[in-house]
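Structure in structure tokens, see below.
To keep things simple, chains are lettered A, B, C, D and E as they appear, and every chain counts its residues starting from 1.
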Amino acid sequence: MKASKTKKSRKTASKLGKAGLSQKSGLPPGSLIHIGEKKTHQISIDMILYNSEVVEEKKDITLQEALEKSYDGFNRWIKITGLHDTELIGTIGNMLNLDNLLLEDILNTGQRPKVEFGNDHVFFTFRTLFQEAAGTDINSDQISLVLKDKLLVTFHESELSLFDALDERIKFPDGRIRLNNPDYLFYAVIDIVVDQYFKVIENLGDAIDKLEEQLFELPDHEVLDLIQQNRRDLLYVKKSVFPVREAINSLMKFENSLINGLNIKYFNDVYDHVLQMVEIIETYRELNAGIRDIFLSTQSNRMNKVMQLLTIIATIFIPLTFIVGIYGMNFEYLPELHWKYGYPLVWLVMLAVVLAMLFMFRKRKWL
Amino acid sequence: MKASKTKKSRKTASKLGKAGLSQKSGLPPGSLIHIGEKKTHQISIDMILYNSEVVEEKKDITLQEALEKSYDGFNRWIKITGLHDTELIGTIGNMLNLDNLLLEDILNTGQRPKVEFGNDHVFFTFRTLFQEAAGTDINSDQISLVLKDKLLVTFHESELSLFDALDERIKFPDGRIRLNNPDYLFYAVIDIVVDQYFKVIENLGDAIDKLEEQLFELPDHEVLDLIQQNRRDLLYVKKSVFPVREAINSLMKFENSLINGLNIKYFNDVYDHVLQMVEIIETYRELNAGIRDIFLSTQSNRMNKVMQLLTIIATIFIPLTFIVGIYGMNFEYLPELHWKYGYPLVWLVMLAVVLAMLFMFRKRKWL
Amino acid sequence: MKASKTKKSRKTASKLGKAGLSQKSGLPPGSLIHIGEKKTHQISIDMILYNSEVVEEKKDITLQEALEKSYDGFNRWIKITGLHDTELIGTIGNMLNLDNLLLEDILNTGQRPKVEFGNDHVFFTFRTLFQEAAGTDINSDQISLVLKDKLLVTFHESELSLFDALDERIKFPDGRIRLNNPDYLFYAVIDIVVDQYFKVIENLGDAIDKLEEQLFELPDHEVLDLIQQNRRDLLYVKKSVFPVREAINSLMKFENSLINGLNIKYFNDVYDHVLQMVEIIETYRELNAGIRDIFLSTQSNRMNKVMQLLTIIATIFIPLTFIVGIYGMNFEYLPELHWKYGYPLVWLVMLAVVLAMLFMFRKRKWL
Amino acid sequence: MKASKTKKSRKTASKLGKAGLSQKSGLPPGSLIHIGEKKTHQISIDMILYNSEVVEEKKDITLQEALEKSYDGFNRWIKITGLHDTELIGTIGNMLNLDNLLLEDILNTGQRPKVEFGNDHVFFTFRTLFQEAAGTDINSDQISLVLKDKLLVTFHESELSLFDALDERIKFPDGRIRLNNPDYLFYAVIDIVVDQYFKVIENLGDAIDKLEEQLFELPDHEVLDLIQQNRRDLLYVKKSVFPVREAINSLMKFENSLINGLNIKYFNDVYDHVLQMVEIIETYRELNAGIRDIFLSTQSNRMNKVMQLLTIIATIFIPLTFIVGIYGMNFEYLPELHWKYGYPLVWLVMLAVVLAMLFMFRKRKWL
Amino acid sequence: MKASKTKKSRKTASKLGKAGLSQKSGLPPGSLIHIGEKKTHQISIDMILYNSEVVEEKKDITLQEALEKSYDGFNRWIKITGLHDTELIGTIGNMLNLDNLLLEDILNTGQRPKVEFGNDHVFFTFRTLFQEAAGTDINSDQISLVLKDKLLVTFHESELSLFDALDERIKFPDGRIRLNNPDYLFYAVIDIVVDQYFKVIENLGDAIDKLEEQLFELPDHEVLDLIQQNRRDLLYVKKSVFPVREAINSLMKFENSLINGLNIKYFNDVYDHVLQMVEIIETYRELNAGIRDIFLSTQSNRMNKVMQLLTIIATIFIPLTFIVGIYGMNFEYLPELHWKYGYPLVWLVMLAVVLAMLFMFRKRKWL
């Protein structure tokens, strides 16, 4: 666990900056290159045909089956998993009549969340966020959606378990997905991904709470590490969530024949959620900064205590040591050495010194 | 009291982030799930019927009595206390012809304050803030208002004592509530909740004043604790108050048949109050940050003092100890030991050293 | 003086937040309650009647005389001093046909500066700022102006000496006040109050200059105190001045039959002044923060010096003390003790140690 | 030099806040009072008459000669140097038909840079910035320009050498100044003043570079002083330059018969320069803040080093001193003292202690 | 390498502020002066003629060949390398009918990125960024583009290897460059330069990652140096990239006969990239600031450790040394010295002291 954390922190800047974009320098625009890791072995194409009466799910079909055949009277949802076969993606793009620049955005998995409106399609790209468990790495996949008449195509790097819930809902006879055109499904995909952000944000909230709770128990370097980790995680989530706000806002405002005006309220609902997340993230960032402040104050405070102790001890004993040093001198003519009560007198003097010191410390509230 | 404070701080992030929202992931939008604690045992429905002549209050009535019967010539205020019975809320929603997304907002008690305009209703949701006493936990309930023609419905998690004042005012024969449509009552509810924020903000102001007053008397860790607590409380209040500004602004700007143009001035008045609160909160945040700065400077200052004392003591006594150490050596041939005035001479030398040191310290203004 | 400073700082938050507003919770809007201290014993009403030919000043008149009688051909300026008699203010409001919400703003002396336009009046409320002397408490009174046709009414908590200058100018035969309608007088009142802000801001500038000058001479805690005091004073002035900018801007932009278009340039002039103040205040806040930075650096620097001295002394003398300690041991078989030149040799060794240390310190530039 | 620096810092706030404005409190608006130092002995009036064919320069002429005589077929540039004779300025204002508020702005040398459009004139006021040499005080004069038909009047506090270049260019037969109306000259004056800002900004850049270079060589207090001085200088320049951006922007946007539409591009060019300066100033402020951060870290780092040395010395020698102290005790029955190898054994023990310590220090990377 | 770094940091402010601009003070606007280093020996002019069928490349041609001859049916790309021959640039400007102010912008290599629209041309100026290797100086050249009908002229200070890729693409028969007017080439140049920014930004990301990785291994002063270097580099890149956003936005919004509406989507794509860079740069700045925070905390933490060790050692041994000092006194009447078990008793006392101390330290968790 410790090791994984360390690994985690090592590539923050690259992770946040999506290294790899520079590979494209010098290539003509619209050159299809997959930027990102190869996450699945093969591209798989699944399709769900549905209308208000029937649902049919087809797994691992061919491109031809998915795009060339006509399915009158049906809405289609085509799920394309895996983005590394750029040629295939290029073919899909041609079949769907999509611009190469748009395909480039699909393939470049470091894309900034955004929406784009074409003549006969709406394009939406953003990221999922998921964590296996609180405290582990936050991972994310890019999802791109292309909404056309009677057709929704989704592109993602890897199998997404969060689509299972949608698969279930689509099978539900009188569900809203079934009764609506794919614009509602389009919304439903965005909604389900955005809702999932809450889970990650909640984990970060828990991490901050836990850190605050253990602030005085954990060793310093670990606290420091956790503060910086929270900070990085919040930056990462912020970077994924903030532009979504803008994109959904455009979706709501841009009049569009593909999206039913009556469904705008659903997008408004997602928009509200994203707004709420944006505020929570900013609040968490402030809380985390507050924890850092306390931590630094605590360090400084502890140093103060250490120095006070040292000063108390030194201030009491250094003079005493000097006094006993005097009578350790070997002068022939050192009269006090021969006094009968010299030794007890020295003790009395030292006692007086100690009491004076203690009195001074008490006055300064150090004791 | 100490313990409660500690408890308080433990769940700040969760409190601010409204944990629980992620429970809804994967559910279709408009799924009615109550997010929040179950604060009352049973949902209770109260109703006040009023017009300029008559007022009638009915406690604990049934849903049918409240919503199905027609009450011509009367304005109705229906108060629904308790939100955990999602089925009942769903029924109310259907009876009032409200969208499920709106009901979802009512049930999700971590909702961001906002206003929404429907065809035949205005929906407003925000939070109350209250504190049993200064320094204790700030609590908050969500209140949602649905304004329809001749009807105001309010939803809240728990019994709200601040409505008692309204109950009184409504009974007052020629009060403005009685002479107006429910839009004025709608305003009156918002106004009474917003006015209550001042109490909490005042408490925070007192807490900051008290902290500043006791800055040099309290132990360090407690000061640190109080600074962070103020910070968190201000964040919490800010998060509840700031979006209200926006919501009321929309209320004022959006032309609406349900709200009488002549009553806009009242909303303007609330708006002014919220604006004032926003400024006060920002000012308090700055003051609190200022206190933290002083606190840190003071720590550093104290350390300086500690180190100066140590240095003075050490710088004076370490050389002296060295000198007496010399004449504690047992060399056979150590002539000074046999001088008659060796001992007094050593004292003279030491006195000179001390005076030189004191002179140096005085020159550096340490003494 | 010291004591008064301390008192000053104690209620900053309350002062800035205008405690007292929460008293109104639960009351219907427009309930007239005076929030603020009772600053004068009795409400006094003065009136100045003027036109281009004649000026007449009437002191301590009755309400009837001021408002009921008609004064054709005259412009009237009615000064109402004292706000604690809410009933009287209510009567005035009725006579002038003012809304209760507006009267509430007049009575609530913690009101945010603002302008409001009615059908037949313009309402402006803001604050005076004054200081008896530099370094003393900044005090402020709320002034509210109601401009109607041929009539200006001003409300203030206490006798304002800064109106004397206006009284003089109004008596000046061909002055612009005399030649214009009350809109010019309205401007003149705002102008004279705003100009007075410069005095307070200048004092703050002087305080900052003086603090910077004495930074290295004053004791630390006093510097810290002064920095925080400047900060609070700047916050206080900022809070009074910044909203005035907005209010005057509205005044200029809002077309209005009561304000002569030709007089807009005067408001523009005041606007320029307020803009300048806003910039100066922000600059002073930065300067004050800069002084705090230097102060902290200086503290840290001084600590460095202290530690260096301690280290130099300790590093030189601790080894020497160890050396003389060796020959203070009482071993029977300690040959050096019996060497003839043991004692001078020890001195030589110690000298070498000291020189080596001094060399090292010089290399590190500590000496 | 040291002394002048010190002087420099003493009145920063007053300099930035333009003390003196409060002198006007209570005076009617448009009261002509010269606020600023009296920089020249006497007001001097120079005039340049020019058209595309002829140029004529007249020095130290009378007001009547400058303004009353008519100069058909000529463009006039009237330079008025010295602002302390308010009566004369008043007369000029009357002759040019200028509003008193505008004259007030000319005389008040702490005026914020701005532009104002009259019926038959454009008024522009801003500041020159100049430095005798890098590192010396930044001085500034206020320049006000009044552009009328065929006439440009400039007002400045003192003789400006930067106008010499313009005098030369005006004499150049086919120069653009000669071929254009005074609006081009108006631009040329603004341009020449703005270009001069670069010199001052460059000096500040050099000062920052130099400071960074010498960061580790200069004594601490001097570094601190220089950082604060840069900060103040940047604030001062910012305050003069930033509002110019706004003013020139207004100049470009406001349609105006006095400024030829074809010359807008020149103003655009100045605007670009000011924009660039604004960015450079902000960058310099960040760089300066960065230097302060390094400086503070370095201080802290040095302290660390000092403490480490002290700790190494103390940790090695304090135990040794204790050991030799043991055998300096005079107990009758202290057997080790009588061992034959007691003394060398003690040395061995001490050697072991030292080695153990050194090993520990090396493990902690202190050595 | 060390030396080069040092050199690097020395002129940051000048580099960021583009020293040299002040050379122009006093010159008439549009005076052509080359501000910047002379980077090539001679100005060279290359030309590429292309249409959908033919491509022809001409190297090192004369000005006449490039601009006077007419090339009907061809699109021309003229590359002008070297900007120090102001006369030649002036001639080019005349031939292309460009304003002198525009030529000034081309020559002044410290120009802020911007776009300008003329009657028959679009002017775009911005900077390339390149680094020989990660960690070395970031260099940059200014590129200016002038787009006219059928003609693109690019001006750059030195030979740019990044144009080679474009030269290749232009030769590709059915490439989009060949099929479009020069507006696409105009886009392609901007795109290729902007894409190159990613490389530099990636290097900065790597530098930040590497710094974080080595934070605890590198010596303090080096860490500090690297943090400040990253900060400066990010400032430098920010300064080059941020204004490009604005410029490209203007390009997209300004309707223009020279840029084909269908090609706007390409500019939109570049715009997205710049937006992404802006976000990455801001994120990197935060990460770098975070590293500084950790670094400072670590320093402070280490100091704490050092002080604790010193305090432990001193607190244990100083009292012991005092105890043995007591029995080193030479009083005649010091009874303990004559006790038989005096010496072992002293050891017991000392042992007790040590144990008590260790117990206290353990209680404070220092051990």
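Throughout what follows, a residue touches a chain if its C-beta (ideal position, glycine included) is under 8 Å from a C-beta of that chain, and two chains touch if they have at least 3 such contacts.
Computed from a predicted model, the values in this text were never measured in an experiment.
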Same-residue or different-residue interface between chain C and chain D, half as cut-off: different
Between chain E and chain A, distance of the C-alpha-averaged centres to the nearest whole Å: 26
Centroid spacing, where centroids are CA-atom means, of chain A and chain C in whole angstrom: 42
Residue numbers of chain C (touch at least two other chains): 300, 303, 307, 310, 314, 318, 321, 325, 328-330, 334
Overall pattern in which the protein chains touch one another (line/ring/star/complete/other): ring
Touching residues on chain C, where the partner in the complex is chain B: 9-14, 16-19, 21-22, 24-29, 99, 101, 104-105, 110-112, 114, 220-221, 224, 228, 231-232, 235, 239, 292, 295-296, 299-300, 302-303, 306-307, 309-310, 313-314, 317-318, 320-321, 324-325, 327-330, 334, 336-343, 346
Of all residues in chain B, those that touch chain C in their complex: 162, 165, 169, 175-177, 187-188, 191-192, 195-196, 198-199, 201-202, 204-206, 208-209, 212-213, 265-266, 269, 272-273, 275-276, 279-280, 283-284, 286-287, 290, 293-294, 297-298, 300-301, 303-304, 307-308, 310-311, 314-315, 318-319, 321-322, 325-326, 328-335
